[in-house]
Amino acid sequence: MAGSTYGTLFKITTWGESHGAAVGVVIDGCPAGLPLSEEDIQLFLDRRKPGQSRFTTARQEADRAEILSGVFEGKTTGTPISIIVRNQDQHSKDYGKIKDCYRPGHADYTFDAKYGFRDYRGGGRSSGRETIGRVAAGAAAAKLLKQLGITFTTYTRSIGAITVPEDQLDFSCITENKLYMPNNSYADKASLYLEECMKKKDSSGGIVECRITGVPSGIGEPVFDKLDAALAKGMMSIGAVKGVEIGDGFLAAAALGSSNNDAFCCEDGRIRKKTNHSGGTLGGISDGSPLLIRAAIKPTPSISRKQETVTTDGKNTSISITGRHDPVIVPRAVVVVEAMAALTLADLLMQNMSSKLDSLTQFYL
Amino acid sequence: MAGSTYGTLFKITTWGESHGAAVGVVIDGCPAGLPLSEEDIQLFLDRRKPGQSRFTTARQEADRAEILSGVFEGKTTGTPISIIVRNQDQHSKDYGKIKDCYRPGHADYTFDAKYGFRDYRGGGRSSGRETIGRVAAGAAAAKLLKQLGITFTTYTRSIGAITVPEDQLDFSCITENKLYMPNNSYADKASLYLEECMKKKDSSGGIVECRITGVPSGIGEPVFDKLDAALAKGMMSIGAVKGVEIGDGFLAAAALGSSNNDAFCCEDGRIRKKTNHSGGTLGGISDGSPLLIRAAIKPTPSISRKQETVTTDGKNTSISITGRHDPVIVPRAVVVVEAMAALTLADLLMQNMSSKLDSLTQFYL
Amino acid sequence: MAGSTYGTLFKITTWGESHGAAVGVVIDGCPAGLPLSEEDIQLFLDRRKPGQSRFTTARQEADRAEILSGVFEGKTTGTPISIIVRNQDQHSKDYGKIKDCYRPGHADYTFDAKYGFRDYRGGGRSSGRETIGRVAAGAAAAKLLKQLGITFTTYTRSIGAITVPEDQLDFSCITENKLYMPNNSYADKASLYLEECMKKKDSSGGIVECRITGVPSGIGEPVFDKLDAALAKGMMSIGAVKGVEIGDGFLAAAALGSSNNDAFCCEDGRIRKKTNHSGGTLGGISDGSPLLIRAAIKPTPSISRKQETVTTDGKNTSISITGRHDPVIVPRAVVVVEAMAALTLADLLMQNMSSKLDSLTQFYL
Amino acid sequence: MAGSTYGTLFKITTWGESHGAAVGVVIDGCPAGLPLSEEDIQLFLDRRKPGQSRFTTARQEADRAEILSGVFEGKTTGTPISIIVRNQDQHSKDYGKIKDCYRPGHADYTFDAKYGFRDYRGGGRSSGRETIGRVAAGAAAAKLLKQLGITFTTYTRSIGAITVPEDQLDFSCITENKLYMPNNSYADKASLYLEECMKKKDSSGGIVECRITGVPSGIGEPVFDKLDAALAKGMMSIGAVKGVEIGDGFLAAAALGSSNNDAFCCEDGRIRKKTNHSGGTLGGISDGSPLLIRAAIKPTPSISRKQETVTTDGKNTSISITGRHDPVIVPRAVVVVEAMAALTLADLLMQNMSSKLDSLTQFYL
């Protein structure tokens, strides 16, 4: 059992559970010479922090990132970057039914099945707090990619059934609404829907979309380490994600070859595609078009409605999850999706550097 | 660049391109003592072979698997199992425009971008023939899983927009029609649709679905090596796959928490779930319910319609792909999906064996 | 670049440099249910701490281990165990020549060559403080192995040319002398030798030996992941190690086959070897005899004698390393060798659990 | 269990046992554009072939390498290179006592202990034939390194106790004698010694030494993936190797710091070391000096003398190994050592390319 490390050359290892002393990440393999500060990390962490709107919990999570190693005089040294975020509030309390029964939609049961027991004070490693390490590391990866001209636009595409249509995407307003939707009027509709959910003691899912521009052609390793395969793993490794699409995704399954194929053309001496149904990859290798990724996020499983379940010793019972819980985590997942995309891409960009003999001779001779 | 190895403990490495001498796979880490024969492998290979219906090419690909190592007296020895399939027909011919221009929807352009040149005689490593190695290895993984009571039901859920509805799935007829659909009447509709595609010199995509029963609880490693993350990578690493879902997938994004959560109950002293929206995983760890995976397959990019494209030296041109090409590869992808699921699951089952101290003491003391 | 992770199933990632805020390690994959406390870690850390004898520096390094995650109610949970040790004394000071020139025998030059710059305040990642992470993780691995009946005897076999002869090894007195030598009279001789070194402003190397009993047969993976290959990597990854031997090591090169082969015999129904020239492995797999490993440690490169060197901008100069430095690090390396052996063995013990189909069926059925 | 894959970016997977149909290797991650032919491979294989002198068996092993994939129009394509060598002579015969008892010094016992049974027709995966895959892959790695100006001088330093002294090394005559010794007169002495061994039905070990020049500074990853740690693993993974040294190795343990440290100096504007006790690495990273590696090889375990052993069902017995066996394998191991060094170095050279942000910006911008 070892599942907390991600990446080959740009490699991260996260640790920490919701009710432990701290959570954190070690980034190993970040190239030397990258300017990196705690503020860079904090900007990303702040995007996932709760309490920003009435649809996210008001828990006081300061989540201050501290860099403990790997940065000297403002630049990365090439050695591991250890980032820690202390948990507040992890003092003992009454865990009530959480300790003795399995919350539907949570990993309580499966952790017990796997490990024989679990840290019953919260979600443990399957808590949303686990994403802090990913996001902190993703901030470093994104900063690295920015130096290479690669930029991210990530947003909430849908809340429940409310989806911003393709022709109404307005990226300029993503940060103007609390839901990170690229359309304020759809954000308003979604807000109304979420209020309704809250009234019904229920919760909602949604879809996060990530567009990455400036990705050079040639990134991704054929066969098993395709760029899209790596992205799919990264996305699906986020706790609540149940589906991943690249480009047209499931729509491609219903399309015709003639409409799904992207024609090539040559403009100003540069080869490009006229459309981007493929979402920026062909044969698992980036084709120079923007990468387009979509992740389906299930509704928050913690709801205050009464639900049927069982006790850890196998008796039927019911549970109403108390405490403050987000009716939707989608807006907070936006930065997590971006972080995973950045980590995946940084790693494969580095792997690609030794694809050609010419690159080696230029580097070493 | 090294992307042809998959898995950690049950590890495979595939090799070979469409127009080389052979294709094959090395399976390393298959437990010793598993009865395995060339017939076991052949059964799987035959499911992906072309020429079985009028919607798959009539090319004569014998695809006989030869086991070169790792099996002694009918059983695996624990050492690498090398399986080879000779390519027929790879003799020189006129590659025509394929050599000098980039086929839309294919990886010709991206391979050139990555490696500086490519084997222009066909798809090379991005050819459908690459899947032979996966499928051969998947046959071994599936045989291993069968010993543990784990069984697969994999089929074509959709061809184009023709989808077998949930309540009309009839698994008994999957092998009764050439499209591997779990409903003969839908298979007929799909056949008509495909004939239309062929007439229009066009092609179709579709959706493959895989249900796995008998999976014990506790499989999958938390955080990055979640069972569903590993499955997503496996699926998306298949050439034509553009989307992956676990359980309700994208539908979950539109659902309410109260309907998406699976209630637990206890029956005959065994804890189980009343529904299976989660598709058999919670927190990335198997929950004892059937695993449910869906892969969206894009339309075959090789179509005989005229398409706009560019030459390798950057001139606008057009191309009509000649030769025999499947108007749909979905039925042939069914066994590929099953193979990737089996390989992923076998690896994580093996990794899980050391999750608890108790397991180590029982094994070694 | 990513070299700070070790192991496959029992996997550790260390971080931190000598003059940063802290050093630490994340252990991922430690089986759940292992009793583990900060005291367990501290016992190991104390064995590497300086200031224990006059041959080790009197620097005040408190080196208190703090466990931040992965342990709940006194037991490991199966999730990552994050251990941190705050650095004392890392406040700014005059780094003098260290900043501007390359110390002979140190990694100053190679870090600059690789990364373009380095943390010039000390050895950075190549400092001896890097071993704190390994040792802390090794404490956990050793505790795990102890549950399986595997025990370690590790000691200083040589200081300079003073070697305890095979027939005078007395393991009962290892902790009776400050050099961890298994013979007090040889320890006295070595002490005199070291005093001489100190007077001459010079330093000494030595040999650490590690014997591991209770290792079951069958551990180690054939070909590249042989038990002895993995141990060799683990040993040589320790900063000052320049040679590794298993069993008779280099002596075997001069021996005859008839004397080097270990005869098998059967006693009380158990197969064993009459001798152990092989050091406990055959074909890279443990044979049930004690594992015997030897690591050659070079003399401490920091000496106060004047040495010729160059400045970072390529001018010839000379340097005398000031400050307190151990004339020998061998006694402090004893626990580092033991830690690396424990980590290596724990990982391969876990990997071995899925070697046979029978093991899988017993585990899952 | 999966131990047949070596390397991260330049990755090889070997397969095949002594009495199976074939042995081979898959090289994944070899940069595209490297001229590579079957002759390149054959040159290396011929160096390990038996029957070249009276001290190596006269078995007819043609060992013709066939490249099945990954090379197109004489150049590597960047995709997996599959190389196969058919076994001759693997037809059924009387395996006599080998089947029913454990040969001392061989891995018969440990394979049974690990896997429950073994291919008793020979050494299986622990046979010397396993090295064919490594050597074939090493030929490709060495060819790659040659393009970067890196060259190997590998030879027999010792046979038994007969060691060519440092000041009598004459690399010009390595291929003039059948033992690959860099001194013909020592080769003569060694030959006499080996004849004596043969008369006594005994065998001899020896030491192989490898010098690598042209290695740029900066290769090797700090902490666990140090260049010397990786080399140590590579060397110790060769079946008969029991010890590994880098630079002065075990002699360093007895040296003083003042004599073991290599002084830096500047010549013609280039920083270099005046001596090379370190063997070309500092802190696990190449320092621009030649790499110097030594591997201790145990005596061939197959001797025709009567040896005590046990049957597989635990009865004491004795065995005399019949058939043609080399009284020494050291000369044949020379190319295996070179191959492992080349594979290790190629991989770390590729990993090093992403160490600095500047390298990424130069590559991608």
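As written, the chains take the letters A, B, C and D, and residue 1 is the first residue of each chain.
Quick note on the criterion: a contact is a pair of C-beta atoms (placed from the backbone, for glycine too) under 8 Å apart; a residue touches a chain by one contact, two chains touch by 3 or more.
In this text the structure is predicted, and so the values were computed from the model without any measurement.
Could you find the chain whose CA centre sits the greatest distance from that of chain A?
D
Would you say B-C or A-C is joined by more C-beta pairs in contact?
Answer to which pair has more contacts is A-C.
Taking the mean of the C-alpha atoms as each chain's centre, how many Å separate chain A from chain C?
A distance of 38 Å separates the two centres.
Distance from the CA centroid of chain B to that of chain C, rounded to the nearest Å?
Each chain's C-alpha centroid was found; their separation is 44 Å.
Could you say which residues in chain D touch two or more other chains, in rising order?
1-5, 8-9, 14, 29, 31-33, 78-79, 114-116, 125, 222, 351, 354-356, 358
Which residues of chain D touch chain A in their complex?
Listed in rising order, the residues are 8-9, 29, 31-34, 76, 78-79, 144, 147-149, 216, 222, 349-351, 353-361, 363-365.
For the complex, give me every residue of chain C touching chain A.
Residues 1-5, 7-11, 13-17, 20-24, 26, 28-29, 31-33, 66, 68-70, 72, 75, 77-82, 84, 114-119, 121, 124-125 of chain C touch chain A in their complex.
Quick one: which bits of chain C touch chain D in the complex? Just the residue numbers, please.
1-6, 14, 102, 104-107, 109-111, 113-116, 125-126, 130, 158, 160-161, 197, 200, 202-207, 217-226, 228-237, 239, 242-250, 252-258, 260-266, 269-271, 274, 278-279, 281-288, 296-303, 305, 307-310, 314-316, 351-352, 354-356, 358
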